[in-house]
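Before I ask anything, here is the structure I am working with.
By letter and in written order, the chains are A, B, C, D, E and F; residue numbering begins at 1 in each of them.
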Amino acid sequence: MKISARNQLKGRIVGVAKGQTTAHVRIDIGGGVVVTASITNEAVDDLGLQTGDEAYAIIKASDVMVAK
Amino acid sequence: MKISARNQLKGRIVGVAKGQTTAHVRIDIGGGVVVTASITNEAVDDLGLQTGDEAYAIIKASDVMVAK
Amino acid sequence: MKISARNQLKGRIVGVAKGQTTAHVRIDIGGGVVVTASITNEAVDDLGLQTGDEAYAIIKASDVMVAK
Amino acid sequence: MKISARNQLKGRIVGVAKGQTTAHVRIDIGGGVVVTASITNEAVDDLGLQTGDEAYAIIKASDVMVAK
Amino acid sequence: MKISARNQLKGRIVGVAKGQTTAHVRIDIGGGVVVTASITNEAVDDLGLQTGDEAYAIIKASDVMVAK
Amino acid sequence: MKISARNQLKGRIVGVAKGQTTAHVRIDIGGGVVVTASITNEAVDDLGLQTGDEAYAIIKASDVMVAK
């Protein structure tokens, strides 16, 4: 299955912090850059996300802004 | 001015394509990764975005998904 | 590959309309419900989306509102 | 009042789980499909959302991706 | 019908610009502030949005960032 | 640094409520209008957001809907 989201950044999970409903997953995509994703606890459990896993940060193009 | 968005990826613009209302800006963030942003034409003009410019791709954590 | 997005609605594409940069893809998810997705033309080409294809509408939980 | 969001999926609430600030509301839209919405606790209280209520899942077209 | 989105800013439409698929609607919410919405052409037609109309800019709390 | 987001509403913070991972920041933008932002706790700490601070609510045009 392929998804339309234009941005699929490969990396490795370096942190998973669960709150009561919302979790923060941090993915090291290389070059010293860590991307933070705010997703549901259910998604963390469903995918079995753990520190050390290879994973992708997926971002729809319309959710990316530009700063200069 | 500092913005709350957790993800601020530094790179260089490698493409600006304007449609009638919506533009696609492509930013090379290094390591062979190019991020695509879909923003308004007005924003492209307002910031004077051009190929070759240093720029940041800015993404709110709640707009990042994880795939594994 | 599995994605964290909580909402993955299976259906069939009933329309693809491309603009200059942005396309609208309509997916019939059954029960008389058609979901509209606004994505980049590049994504339409990359996935080869065409009327009649089986496809999923993918929506992050934080992008869903509730009305009553 | 009518809203511009292209996707307004009618269903019935089958679960409301509140965290400290963010709640997850699950809406059964028929055909065995349950949509999850991540909204503020304040919204849950303000609309008085409860299991069993008829409700709509509202989603902007630009927040829908396509997978194939 | 009431929607969960926390931000519902009342104003008056001061501009509607349609592209091939995506339109920009500008709403003056008072105090010299104009909010720009990027929505589908279909939504513009469906709601009959025109300059001079009273309208609301509707924004989900999870789509608002803070800068300081 | 300038950001592409079309909507940058100046105001004053009137409330900061932190949950376990997600915080709600309320910004009074004048004219009796308070905008709610749902952001990460980390962002609140990083920017040192406190009641009474001058701040901006930043919203991408593609995240604004219109109701009439």
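Everything below uses one rule, namely that a residue touches a chain if its C-beta (ideal position, glycine included) is under 8 Å from a C-beta of that chain, and two chains touch if they have at least 3 such contacts.
The shown structure was predicted, so the numbers you read here are calculated from the model rather than taken from an experiment.
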When each step joins two chains that touch, the fewest steps from chain B to chain F total 1
At the place where copies chain B and chain C touch, is the share of residue numbers found on both sides over half (same) or under half (different)? different
Applying the document's contact definition, name the chain pair with more C-beta pairs in contact, A-B or C-E. A-B
Angular offset of chain C relative to chain F [C-alpha, multiple of 5 degrees]: 180
Find the geometric centre of each of chain D and chain F from their Cα atoms only, then give the gap between the two centres in Å, rounded to an integer. 23
Starting from the mean Cα coordinates of chain B and chain D, work out the distance between those two points in Å. 30
With centres defined as the mean C-alpha position, give me the chain C-chain D separation in Å. 17
Of all residues in chain D, the ones touching two or more other chains: 1-6, 19-20, 22, 24, 36-40, 42-43, 47, 49, 56, 58, 60-63, 65-68
For this assembly, give the contact graph shape among line, ring, star, complete and other. other
Full set of chain pairs in contact is A-B, A-C, A-D, A-F, B-C, B-E, B-F, C-D, C-E, D-E, D-F, E-F
Across the complex, what residues on chain E touch chain D? 1-6, 37-40, 42-44, 46-47, 49, 56, 58, 60-62
Residue ranges of chain B in contact with chain A within the complex: 3, 5-9, 13, 24-25, 27, 29-31, 33, 35-39, 43, 47-49, 53-68
What residues on chain D touch chain A, complex-wise? 17-20, 22-24, 36, 38, 62-63, 65-68
In the complex of these two chains, what residues of chain C are touching chain B? 1-5, 19-22, 40, 42, 60, 62
